[in-house]
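We just call them A, B, C and D in the order they show up, numbering each chain from 1.
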Amino acid sequence: MEDKFKLDRETMALRVAKEFQDGNYVNLGIGIPVLAANYIPVGREVVFQSENGILGFGEITTLGEGDPDLVNAGGQTVRPAPGMSAFDHAESFTMIRGGHLDISVMGGFQVSEKGDLANYMVPERKIGSIGGAMDLAVGAKRLIVVMNHVTKDGKPRVVRKCTYHITAIESVNLLVTDIAVIEITDNGLVLKEVAPGWTPEEVQSLTEPTLIVDPDCHEIELM
Amino acid sequence: MEDKFKLDRETMALRVAKEFQDGNYVNLGIGIPVLAANYIPVGREVVFQSENGILGFGEITTLGEGDPDLVNAGGQTVRPAPGMSAFDHAESFTMIRGGHLDISVMGGFQVSEKGDLANYMVPERKIGSIGGAMDLAVGAKRLIVVMNHVTKDGKPRVVRKCTYHITAIESVNLLVTDIAVIEITDNGLVLKEVAPGWTPEEVQSLTEPTLIVDPDCHEIELM
Amino acid sequence: MPINKIMPSFDEAVADIPDGATIMIGGFGTVASTASLLLEALVRKGVKNLTTVSNSCGFGKDVWKLMGAKFPEDMDVLVRNNCIKKAIASAPVSAVYQNNFEKKLRAGEVELEMVPQGTLAERIRAAKAGLGGVYTPVGTGTAVEEGKETKIIDGKKYILELPIKADFALIKAHKADRWGNLVYRYSSRTFNGTMAGAAKVTIAEVDEIVELGELAPDEIHTPGIYVDRLVVRPEKYEEADEAEISQDAKESHEKYLERKSA
Amino acid sequence: MPINKIMPSFDEAVADIPDGATIMIGGFGTVASTASLLLEALVRKGVKNLTTVSNSCGFGKDVWKLMGAKFPEDMDVLVRNNCIKKAIASAPVSAVYQNNFEKKLRAGEVELEMVPQGTLAERIRAAKAGLGGVYTPVGTGTAVEEGKETKIIDGKKYILELPIKADFALIKAHKADRWGNLVYRYSSRTFNGTMAGAAKVTIAEVDEIVELGELAPDEIHTPGIYVDRLVVRPEKYEEADEAEISQDAKESHEKYLERKSA
């Protein structure tokens, strides 16, 4: 099973981007999420928000270019784009907490079967940064988490109960991992898609809680 | 006593304006207060705020002129002036409630010996508008009330306890009437100035609570 | 598909506002800061039993016509056409003029919840910002405190004020682009800026629509995320019911002129 | 006398900040949004035992020099010079780089109160707006909830968050006039705009001072009432302690470049 194909970062980002609907307002976290901006489905207009106070900005600049007064939440300089607006932090989190974002995409360390998310501190480090994660997890209409299905040691990250520090309870709506796409529902975790070559049973074996296999469960759709 | 000289509206406004210090941020209510803008002591720069969301505006326009998008809280068109800024209502009352105004000047129906103010509803009418009065009374660093000393029927407006609907408790700092200037202190009402020709005793006779006559009590100073 | 929030008509912009809805009405009280044509469209639709959230409750078009306003209808159009069941407002009546709202209030035909102006702004913002409530020192010891929770924080008394949630917000702005980014002019920002995004659906009536990118990022007052629909004002105003200016309005205007010259 | 909030030097602007003060430090984390020269002046003054309120806790000037920043000091200058007793922050440490704050935190030399970013913004705003507190749904069921009052409002659980009050706010803006009206650029508005006016005294470091009236009323982001002092940045930057760029910073920069190209 170790040799099976797993989605790489770019492919996971591509799968996440499929979720962006026309006219959606989307916040992308640092790491894999931010890569999803490169894969907006053709013909859809999607507006990105960055919690440091910009909305509707353009792509990340090439190195050495860029305006230091125009950065995303990862500190990367981005281009201005038509329709862009800027605002202060209180306004930015009015947007976030107030449920105005359609989608927030974040990385994760653990996701529980109830949709609890842990993503700001690994226990070994003992110190981490909350940043905007708690607000984004609670505030967005839909929370998508993207992460590897297991830890480097092969332990499940999809767990019955988070053992890491919780970012937000009952908040994750969709989980995209390197081997599966899982919807978090009131009935439990529903396995919707599996990576090429994987069976639902193989995904289950790397997952702590019991998965409900969707009758329509199929290979991950990227296009 | 009825024939004694009482300050008219303009003179009361003039006396109020003497309180404006250099660089003060001041909100003027509808009626006599707004007239005080015409009497800023020579050489002092005072910045006026209007709760509908403008700061640092100029004088009231002459009739028929003026921009309908630039009005004061009384709905009168005012001129733009260098340094003027505009903002929304939440910001305007952040300014007001947050203690950023040095002085708020308002009209009044009754002021109690503890500094309670009643100014938004006369009992006979049964209906009145709170508007921004409660926020302005509570929020400004210093609240100056300007009103006639007695009602049309000759009843005291400076009372032991307000019988009209209260706007704010323990909030008035200075009271300017048509016959006196009274400071509201923790010890009680201190009579500081009287209108020309009036004695402290005569002012007391038209005032419900006992006045503490300031040792330095003198004729109202207008310049 | 490019985002396009521009609606072809005022009637279509308000077509789904049902009887009994709670609507926020932007502006301060002056007609220049009011979404006049959206309010007129709402009356044409014949909507009933509205709960309104606004600073004031209208002075009537006659008053504004006398002052030279091109689009003269304010919230009074809803009041006099019996569209309102309850108003939440800070300055519902005038000291110098008996408006239709006051007449209906005295006749028991409408309900009123009066809220201090800053508290009104903050309760609207709380809804927009996803807050459960805020503690304000304003109104302690007054009628506003009645029936509300209070709390001593840091030795000072505060009242718990809850968010005001609404179904629709009808606001007026100066310029917009197709994303719904808005710019206001001077004192006409007022409650328009505060209400944008505070209701489930925000509809903005604007003077002008510009190309995307024409509004500089740092000059936009309301980011488009808060705005759902846009309608642009026509060149010409067509009055629905042309009538003589009332005696009341003329008298009020006289008083206004006197106050102004005072 | 004309209002003039412009101070002749950074040292004079911070001269009355005492040991043990609580200071808000604007910006997001990037040095472009930081009042670098005010922070340096504070270090020159030799102030101790500060409580700071900020989004992050500094990355150090080496990192910013490698990125080409002209004024490279961020909050790290206070951290490495032992000016801080306690930090209130949302993102105090970095996932890719061990900053001096993390080292001191691990060594028990500083205290930390970590606050979710939106709650930090809202608590700062509450202080500015004279509110006693706000109820936020953020942090329920997490470590943030510990020791705090909660309340069910409309069927949903909220945490009571109290205002963060401070003695001074040190912020960075782009342009200012003598009244203290401020304009920011793009993402450098951030916590600078939120903190302006939230402390007893607000000091703004700006790129440029313009004549009163040059900033249009509708483009001003922070009205001058919120600003007490202004200092303008010099043409040239004079480095206090010229030193080689550390190995740590170089490695971090390499990692950053990798992430960026990823």
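Everything that follows uses one rule, which is that a residue touches a chain if its C-beta (ideal position, glycine included) is under 8 Å from a C-beta of that chain, and two chains touch if they have at least 3 such contacts.
Treat the numbers as computed from the prediction; the structure is a model and nothing was measured.
**Q** Considering only chains that satisfy the touch condition with chain B, which of them also satisfy it with chain D?
**A** Chains that touch both chain B and chain D, as defined above, are C.
**Q** From the centre of chain A, which chain's CA centre is farthest?
**A** Between chain A and every other chain, the largest centroid distance is to B.
**Q** Is the number of contacting C-beta pairs greater for A-C or for B-C?
**A** The greater number of contacts lies at B-C.
**Q** Using mean CA coordinates as chain centres, what's the chain A-chain B distance in Å?
**A** 56
**Q** Just how far, in Å, is the C-alpha centre of chain D from the one of chain C?
**A** Each chain's C-alpha centroid was found; their separation is 36 Å.
**Q** Between chain A and chain C, what is the separation of their C-alpha centroids in Å?
**A** Between these chains, centre-to-centre, one finds 38 Å.
**Q** Using CA atom averages as chain centres, what separation in Å is found between chain B and chain C?
**A** 28
**Q** Note the residues in chain D that touch 2 or more other chains, in rising order.
**A** As it turns out, chain D has residues touching two or more other chains at 122, 125, 129-131, 136-137, 184-186, 189, 217-218, 221.
**Q** Can you pull out the residues of chain B that are in contact with at least two other chains?
**A** Where chain B meets two or more other chains at a single residue, that happens at 54, 80, 86-87, 93, 97, 139.
**Q** Can you tell me, using the touch rule above, whether these chains form a line, ring, star, complete graph or other shape?
**A** Its topology fits none of the listed shapes; call it other.
**Q** Going by the touch rule stated at the top, which chains touch which?
**A** In this structure, the chains touch in these pairs: A-C, A-D, B-C, B-D, C-D.
**Q** Sort out for me which residues of chain A touch chain D in the complex.
**A** Per the stated touch rule, the residues are 9, 30, 35, 50-54, 60, 63-64, 67-76, 80, 86-90, 92-93, 96-97, 116, 127-135, 138-139, 165-170.
**Q** State the interface residues of chain A toward chain C in the complex, per the touch definition above.
**A** 22-23, 25, 43-45, 47, 49, 54-56, 80-87, 91, 93-95, 97-101, 139
**Q** Would you mind writing out the residues of chain D in touch with chain A in their complex?
**A** Spelled out, the residues of chain D in touch with chain A are 28-33, 55-56, 67-69, 90-95, 102, 105-106, 114-122, 124-125, 136-144, 174, 184-194, 221, 256-257, 259-262.
**Q** Can you check the complex and tell me which residues of chain C touch chain D?
**A** Touch residues, chain C against chain D: 122, 126, 129-137, 151, 153-154, 156, 158, 162, 183-186, 189, 217-219, 221.
**Q** In their shared complex, at which residues does chain D touch chain B?
**A** Contacts found on chain D: 1-3, 125, 127-131, 177, 179, 181, 197, 211-213, 215, 217-218, 220, 223-226.
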